[in-house]
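Alright, structures below, take your time with them.
First chain A sits with chain B, and in the next complex the same chain sits with chain C.
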Partner chain A sequence: MSKNEFIWNRKHLIGLRELSREEIEFILDTAKGFENISTRSIKKAPTLRGKVVVNLFFEDSTRTRNSFTLAANRLSADVIEFTEKVSSTRKGETLLDTAKNLEAMGIDIVVIRHSAGGAPKFLSRNINACVVNAGDGYCEHPTQALLDTYTIRKIKGSLEGLKIAIVGDIAHSRVARSDIYAMTKLGAKVILVGPPTLMPSQVSQLPVQVSYSLDAVIGEVDVINMLRIQFERMGANPFPSIKEYSHYFGLTVERMAKAKKDILVMHPGPINRGVEIESEVADGPNSVILEQVTNGLAVRMAVLFLVNQAAMAKE
Partner chain B sequence: MEVLLSSDKIADCITALADEIVSQTSRTDKIAIIGIRSRGEVLAKRLADILSKKLGEKLPCGTLDITLYRDDINNPQGRTQHIVRSTEIGFNIDDTIIILVDDVLYTGRSTRAAMDALMDLGRPKTVKLAVLVERTGRELPIASDFTGYKIDLPADKTIQVNFIESDGKDRVILI
Partner chain C sequence: MAKNLLIKNGRVIDPVNSIDKKCDVLIVDGKIAEVGKIESKADMVIDAVGKLVLPGLIDIHVHFREPGDEEEETIASGSAAAVAGGFTSVVCMPNTDPPIDDATSVEYIHRMGRQTRKTHVYVMGTITKGRTGEQLSEMGFMAQAGAVGFTDDGSGVQNVATMQRAMKYASMFKNIVLSQHCQDNSLAGSGVMNAGFNSTTLGLPGIDPLAEEMMIWRDIQLVRKTNMRYHVQHVSTAKSIELIRHAKKDCLPVTCEVAPHHLLLTDDHCRDYDTNYKVNPPLRTAKDIEALKQAIREGVVDALASDHAPHLKSEKELEFLAAPFGIASLECALSLYIKALIEPKIIDWPQLASIMSEKPAKIISVDKGTLGKGKQADVTIIDPDFEYTVDVERFHSKSKNCPYNGWKLKGKVEYTIVGGEIRYSAQGI
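Right, the complex of A and B next:
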């Protein structure tokens, strides 16, 4: 009988910075087993029957929230949808009080998105339920990076030795941070591309290369991840005009002509069509943007399954 | 450690299982073999090969991962962590006679999980259970239809089935 040398023992998923390569690969391997739930006639398994998952979203989200809801539903969990705009937070309730109150109703897993970096970590230290980070401030968005690496691994076989460009608004991007941790741990070389005004100030501390020219790197990369320009997070104007940004950093049909034939084009969504990516490219043959969304479901099912399994083991 | 079945005996048991299956099904039946991960998968493949030769047509063969259907996920019984793997069944199971294959039938809990997992994939005509070893100690009302070897054992004993494909050699041992 084969021994399972590796034991998953995290009941929270806060970020990928703290995860080892082995842990990241274990999540990705586990996700593979969840893929076929979404393609068969009965799209449900009884695994989390009787468990309650709360989507605690303090920021807008379509993809991530729906993906977590569907992932939890497919594993037969009940889901409470918490939306800041229609909740008592508006009456001044603190994050911890909100969570404690939800916990008093007997919830098992909290999926949290918050504009304050560190909110998921704080919550995980103060409540008994499992905590899964669905995006915190400019810190991390671990499940997005997991689905990105899952998508790349599925198509390319491995990330080992691949060159991956992450392009655009790095400074405001928690996706970029989680991607950098996941991709470099899995053996890829990451090149950050964008104007200096959109690079994080501490970029030299990250295990990445930096380039201020998309044209200089487009020909050598195997994967290109186009980040969304986060207009809602920008105070002072980081670039003179959208048109100028698109001219230098947009993924256009013209630029694609210089790329490797089998380059993977990714985008975490939502897309600003015509800003960071042209429609023809976003909908083109190299685009895996919709595969990312599909894979996100399997990855999130795996994450919910694993944190619950770890929580059960400790009791 | 005591060897219950040697490599030759295992081969004999699998052949006998195949003969029994052939004798109880008709030529016109649509039959498919599905093994429960992980040792059932190996056994299913061997059984499907023998049956395909006997029947003169290639029988579809698949693998079922039952982790998501186990009854000890939220109620773990030991330190072992169950790992989710893929179910690989590349054919439609509707209206098919499914021969569900596992290495050992003991408590019946894996079989229960496997039946639930199968029903989420479609509606088979019949599900029959074939096992290499059947031991006493059922905790659920489940019985096998085709059995290679039967043994009466106390609860503190463990049966381990090894196959060349997964463990390097064929043998069934008692620990």
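Right, the complex of A and C next:
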């Protein structure tokens, strides 16, 4: 199918596992068109004028949330910020009640972040508004993976044939899962790197390689994505100390010396300097961490635009 | 109530007496008077041509939620569901609120059961006070009050020394079984489904099969030492059943049960985050189902038990992570076993009758599970080929958390006769 014929018809963006290569590429191509809005003197397009976007965040977030808010603003949508602590099972408002209440206010798009895997899917089954997943448990974080692949594509031209290492806590990472789906669909080879205690169950069934040695992998990859060690998810003590973790899996200046000269260093943020990545590397010439943030805006504008368009077409 | 009840021309199956033939059953004064060709008159005659006449079905694992969660189920609503499903006896689990951990509570369950006048209602008490896994509960007093066994169901007794003490202590009482929900919490963690590729892609914490297998292995070693009669609830994995098979080969007093969902559903069903598939132990894999069916074929499994676990729609209408565990299936359980075991010819009808009546009766030490002369007349009459569509809205149970809704199943309960009284009839009573 040529890109011109392709019609985007999803009113929800729940995850990248269910998306085809064509769909992912279509979002990235659409994002390219939105990139220049940020460089204009009047940073606004009327695309979503009269639409209401709600940021429904049950987990703390700074960059994803602000990025979505700014993306919606740039498209002239009205934005409601809604922050909740996850409700308990029997008392308090349930997720479903919250969503129904918001829907009663006439919202068009729900951007949801939730600590439970599947919460966006659950929501999409139960309300009429568009649902965009801004991260659910350790299931998926589609817009992060879209901005990651967008950034790689922009610099390297394509992901076809690239070797990409994703390093760290794979087990509890929604970013890793969405990255795996997006990157492999776009033709890259993905190597997961981390201690066995941070690998998910039956990881070998994913279309990836697994390595427990960053030193063995660092010399051969074109891109390295350093996941944040999420201390809040570390209750089970998966490694003895931060010092030992950094020793084996930290991206240090010393390790960078063994890497390809044009390696891209990525991180979904917020970074723990000196834990998974040394400051000199995070701020160094190979780092594209801040470009990721910039590109996130264009990608999220594209996603909001596309789901809204699909919803309008269905009406 | 008719004093005499004659069931004519059904296929009468009574594994205890090796009966499987077309004949009649006469019930007099609530007891089985005769099985065979019977010409005598009766106050009431049931035409059972084309039907199966079975010893009353027994489900040794149900949750009727009373006391404490009467909005989900009561002994009355659960009992109505039981007889509609063909069950003449059920065993209520003690993980109520408060838990059934003393003789008074045991008596309360019995009383409510008697008042309801549907199915026989038995109960297990907890192994530990408050079901906390620490202090032993008064198993002697509860046994005297009629508790048929003990379990901390909902969770297993985690501490090895406590479980050993429970087995040693309980071994001095006759006709008592210790029953365990096998799951090592340190391994199961906060898991909500089977640990595997599906849990990885769904981003949900998994429960490793090892969590179940470790506790079964552990408890079998304790049985070896104490010789206490021990029952494994809702076996869900291939390795679990392998451990039990070995224990039986060693002639240890170990029995086990399997639930219908572990014969029909896999963790693939969780892919849509439908919380009606959230159950503990979790749905496993096709490989596990095959192993369980093979074990049933070989006679390693002693009982089929629904683990009927009712929950309100509002409780299940949550994120998969937050929703409670449990499937309500009592009313269609028989049909589910037919689908899982009879239709694919894993076992035949006498074998099914054995693990739905004879052997469960033995596990809970009640004089039931047979159509032998002089026994209390608990009889289930079914039309095995009648096909219907499961409709949860027609359930007698208060809860509708049933993933089989809309399934086409075979096997219709025509009559459920308890102590000689017709307590359920498909035509209405």
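The rule is simple: the second predicted complex is superposed on the first by the 304 of 315 C-alpha atoms of A that agree within 3 Å, B and C clash if a C-alpha of one lies under 4 Å from a C-alpha of the other, contacts with A are read in each partner's own complex, and residues count from 1 in each chain.
Definition applied: a contact is a pair of C-beta atoms (placed from the backbone, for glycine too) under 8 Å apart; a residue touches a chain by one contact, two chains touch by 3 or more.
In this text, all values refer to a predicted model and were calculated from it rather than measured experimentally.
Touching A:203 in the superposition: chain B (first), chain C (second), both, neither?
After superposition on chain A, A:203 lies in contact with chain C alone.
Name the contact category of A:17: first (chain B only), second (chain C only), both, or neither.
second
Tell me which partner A:121 touches in the superposition: chain B (first), chain C (second), both or neither.
second
Does the superposition put A:257 against chain B (first), chain C (second), both, or neither?
In the superposed model, A:257 contacts neither chain B nor chain C.
A:104 contacts which: chain B (first), chain C (second), both, neither?
neither
Report the residues of chain A in contact with chain C in the complex, numbered from low to high.
Residue list for chain A touching chain C: 17, 86, 88-90, 94-96, 114-119, 121-122, 136-140, 174, 177, 200-203, 205-206, 236.
In their shared complex, at which residues does chain B touch chain A?
38, 65, 67-69, 73-76, 79-87, 116-117, 119-122, 160, 166
Which bits of chain C are touching chain A when the two form their complex?
Going by the criterion above, the answer is residues 189, 195-197, 199-204, 206, 208, 272-273, 314-315, 317-324.
Could you please specify the touching residues of chain A with respect to chain B in the complex?
So the residues of chain A in touch with chain B come to 1-2, 4, 7-8, 30, 32-37, 40-42, 44-48, 50-51, 75, 302, 305, 308-309, 312-313.
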